[in-house]
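Next, two complexes with chain A in common: one pairs it with chain B, the other with chain C.
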Partner chain A sequence: MKPSAVEESLFRGLMILSTALVVGSLLAVFASVAFKGLPALSVEMITQTPKGGYYIGKEGGILNAIVGSLYLAIGATALSLLLGLPVALFLTEVCGDTRTASYYRRVLDVLCGVPSIVYGAFVFTIMIVLRARASLLYGIVAVTLFEFPLMTRAIDEVLKKVPQRLRETTYALGATRWEVATRVVTRQALPGILSAFLLCFGRAIGDAAAVLLTVGYTDNIPTSLSDQAATLPLAVFFQLATPMPEVQQRAYASGIILLVIVITLSLASRWGSKKLTRYINR
Partner chain B sequence: MDRAGVDRTAWAVIRVLAVSCVALLLLIAGVLFSKSIPILSSVPLTNLLFSSKWFPLRGEFGFMAFIAGTLMVTLMAMIISVPVSLLTAIYLSEYASMRVRNAVKPLIDLLAGIPSVIFGIWGVAFVVPAVRYRVAPMFGINTTGYCVLSAGIVLAIMVFPIIISVAEEVLRAVPRSLRETAYSLGATRWQTVKHVVLKEASVGVLASIILGFTRAIGETMAVLMVVGNVAQVPGTVFDAAYPLPSLIANNYGEMMSLPLYDSALMFAALVLLLAVAGFTVLARTLPRRVARLQQ
Partner chain C sequence: MDYNEPVLKVRNLNVSYGQLNALKNINVDIPRRGVTAILGPSGCGKTTLLKSFNRLVELNPEAKVSGEILLDGVNVNNPDYDVIDLRKRVGMIGQVPTPLPMSVYDNVAFGPRMHGLDGENTAARVERCLRAAGLWEEMKNRLREPANRLSVGQQQRLSLARALAVEPEVLLCDEPTSALDPVSAKHVEDQLMGLKKEYCILFVTHTLRQAKRISDYVLFMYMGELVEHGPARRMFTQPTDTRTKEYVEGVIG
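So, the complex of A and B:
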């Protein structure tokens, strides 16, 4: 064989090996969490809050954390959409391709890269200044801060893909910029906005670092914004940190619940945007 | 209000919102900096950064152990992640059939969406014992398994999807015609990749690596769970380390109990923020800068 052919097959082999390693590591994560957690998974896990002695292996479940996570993620993701969509529209419809737009995008990129623990630390500092205790409200604030740049950039990319001729047609009919943005561009981009929403929702549910510093932890289901709340990632983390093997096993079972939610969101986003894409103008 | 009035008012309000994102970044940096002032004014900066004496009770705050821990864990992750991710990206963009691509890409997206705490428990269940009972004995070393290597492995997998998706996009953007030219000169596929595609895409590929690096520096929970959290400058990859994000996450509860301790933790957050901001701007500016030079 010629040296070039040897090199060719060597690198092709390495590439296939690498791809297999990446896919394999995903499967390994699923498999080992499932293997460790399945024996402890039960209906009570998702229908009950922790009873007395839960953390030494007695009865109960993590309904508190499931509900807490949903409250937190719904609140933060809705807020980020409310802030992110207008800013993204501003970038594409008003700034266009100008230098201003690229400065804004650069700042948003930096904000996207800021680790969630830094947002947590920031909100924690604000809480100290306000003499506030950890609560669902501050958790939502922290998660919104780190989610909103992601949401804005994701929607921004979707809006860029809306065909320019649609905007021009609408302007030709005498519409204002605001009308074009809200009635044409946003509707056209709806499938993409839905995927951005679900993507960010998944991030919000999975975040632990920002929440660790701001939301507290409780065995009860929160009833108001000023209550502390438990979240699934924190439930996983704290249960694994206990010395009891039974409780540690429940950490893996809680991990399965978290994974199922995240995977469902990911599939829903794929399916939903495909389904909705049928109705838009290309 | 007439239609033009609605238009003007709406955009004016939104402009304020857009400006406030910029303000948010400055505000975060400003708050963290103002909180760091007490420690910056009482301990010289060189001591803060290069001393490894960490005794908050005695008022000695040297961040060397934490900075070294962060760098070693991140480097370890990059050493594993960069070659694997780049080879995968090249495979997906240059070699794989449509069917394989369509099967693998969603899995990589899925990997990107897995919460860090899941990687953490996977690390505790699988990587830590593997390092303790299989890898370390091969080198004749005793370790708990909670060490730089374990954290690096877990972190590498978290960084895969970032490098792969950015690098793949960059590679696919290389014009078809360049490849055709190379093939017509008799180059093999790999020769085309090596001499034409990678050369053309080199800056973008570098940007993808920097983005992966930024993500790795700030990752908290997964690393915290497997790295051991011992405040020392790790001598080997089998030693425990204590990266900056773990320092904040583990100690925020007690930070009000000691003088200067809260300031020290906020300084840690500030260092992270500045590092990440610098690298992100670099990764986003580099490709455009170079493109302009080439023109």
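So, the complex of A and C:
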């Protein structure tokens, strides 16, 4: 065999190996959660709130946590989009390729690396100062803080990929910077923005640390922002912490529900992106 | 054609990007009607000159511009001059066809809607501009389709229609046919020829044959300098500068 062919097959082998490792560990997670959780999964789990004695293995479900998680993730992701899109537009359309922009980007990158428990602790400190009790509102605030840099950087990368000639064309028609940003750049970037939104949504719904100190926990479905709320990751955490095997099984079943939500979302985002790419230039 | 009444006058125009002097002291008058070709080898400053007319050079943060460009006697290079108004009066067609991410109809209606132009309803304006760009017959049943589905030739004529919809007086064309196949290129060229009686068309090209075919007036540029300019026939038959002569004869460029 020629040296170039050896090199070729060696790297091919390495790539296959690393792909197999990643896909394999993902499947292993799925399999172990499914294996342990499926026996405990039932219709009651997703249609009922915990009845008395649920946590010692009696009747009920975790509808409270499903709804709480959705409220929390939708609220926080929507808020961080509201904050993140203008900041990303500021970076690409106003700052451009300047030093200022790279400075802001570095700050955001650092914020992306901060563990979510730190955001939780930060909001918890504010709650102590305000003498506030844990509630859905503070949970949303904590998750928004931790999602905002992710969202901003994700959208920023999408906006950077918008071809420069599209901006030039629009400016040449007499558009202001605002019109270029809102009517053309954002529109062209819409599929990517949707992907960023759902990526952050997945992170929000799966995060336990930011809400551990801020959102509380309750067996009821929250009806207002000042109510405490349960979330799926917290439900997994608390059920897993009990000594009873049947409750631990339910923790895995809750994990399955969480996985199904995340997978559904990512499929929805693919479908949505495809719909939105109809008009954009490639 | 009346060359005595220029629509654009350039006075001592200098443009630099950092260390690079892209345009060196340009002085020229552009006739009010007809096709003015800006000719020269790649990198000679043709596109920079073109983008100076609608101040698109300012999008490059490194660009430094000095000198005057008079549009109907008013210096549009003055920072106080409304650049939005300038770009309404001076339309542009880029080198690569660039449809906006919306339907064919919305592409043409984009400018008029943005500027709130009235005096003609939008549908009528879209039809008129698509006709002027020679695209109406092909597009009349496809108005709601995404513009990116069009062939590149159609996309470039759509760019033309979109520029016309804002009712400009001057049309800047930056090698508008260089990304197209010969048939589409001819189609775009034919449309521009049909418009030259009503518009001042500035046409950047590095193709000598194309310049000979379409231009009424020629600017020859070399290394950021305006070497020579004059009516097309004289420029191609009796150039005075040796560099122009060499370019026209195909020795350089």
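In the analysis below, the second predicted complex is superposed on the first by the 263 of 282 C-alpha atoms of A that agree within 3 Å, B and C clash if a C-alpha of one lies under 4 Å from a C-alpha of the other, contacts with A are read in each partner's own complex, and residues count from 1 in each chain.
Everything that follows uses one rule, which is that a residue touches a chain if its C-beta (ideal position, glycine included) is under 8 Å from a C-beta of that chain, and two chains touch if they have at least 3 such contacts.
Only a predicted model underlies this, so the values are computations on that prediction, with no experimental measurement involved.
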### Query
Which holds for A:Pro163: it touches chain B only (first), chain C only (second), both, or neither?
second
Is A:Thr176 touching anything from chain B or chain C once the two structures are fitted on A? First, second, both or neither.
both
Q: Examine A:Tyr217 and indicate which partner it touches, taking first as chain B and second as chain C; both and neither are also allowed.
A: neither
Exercise for the section: Figure out whether A:Ile117 sits in contact with chain B (first) or chain C (second), or with both, or with neither. Expected result: first
Quick one: classify A:Leu108 as touching chain B (first), chain C (second), both or neither.
first
Check your understanding: Who does A:Val184 touch here: chain B (first), chain C (second), both, or neither?
Key -> second
Across chain A, the partner (chain B or chain C) reaching more residues is B
On chain A, the footprints of chain B and chain C overlap at residues 176, 179
Listed in rising order, the residues of chain B that touch chain A in the complex are 3-4, 6-7, 10-11, 14-15, 17-18, 21-22, 24-25, 28, 31-32, 35, 83-85, 87-88, 90-92, 95-96, 104, 106-111, 113-122, 124-126, 157, 160, 164, 188-191, 193, 211, 214-215, 217-221, 225, 245, 248-249, 252, 256, 262, 265-266, 269, 272-273, 276-277, 279-281, 284-285
Residue positions on chain C within touch of chain A in the complex are 54, 56, 59, 61, 84-88, 91-92, 94, 96, 98-103, 110-111, 114-115, 146-148, 159, 162-163, 166, 172
Contacts from chain A onto chain C in the complex sit at residues 96-98, 163, 165-176, 179, 183-184, 187-188, 278-282
Touching chain B in the complex, chain A uses residues 4-5, 7-8, 11-12, 14-19, 21-23, 25-26, 28-29, 32-33, 36, 83, 86-87, 89-91, 94, 104, 106-122, 124-126, 128, 145, 148-149, 152, 176-179, 199, 202-203, 205-209, 212-213, 233, 236-237, 240, 251-252, 255, 258-259, 262-263, 265-266, 270
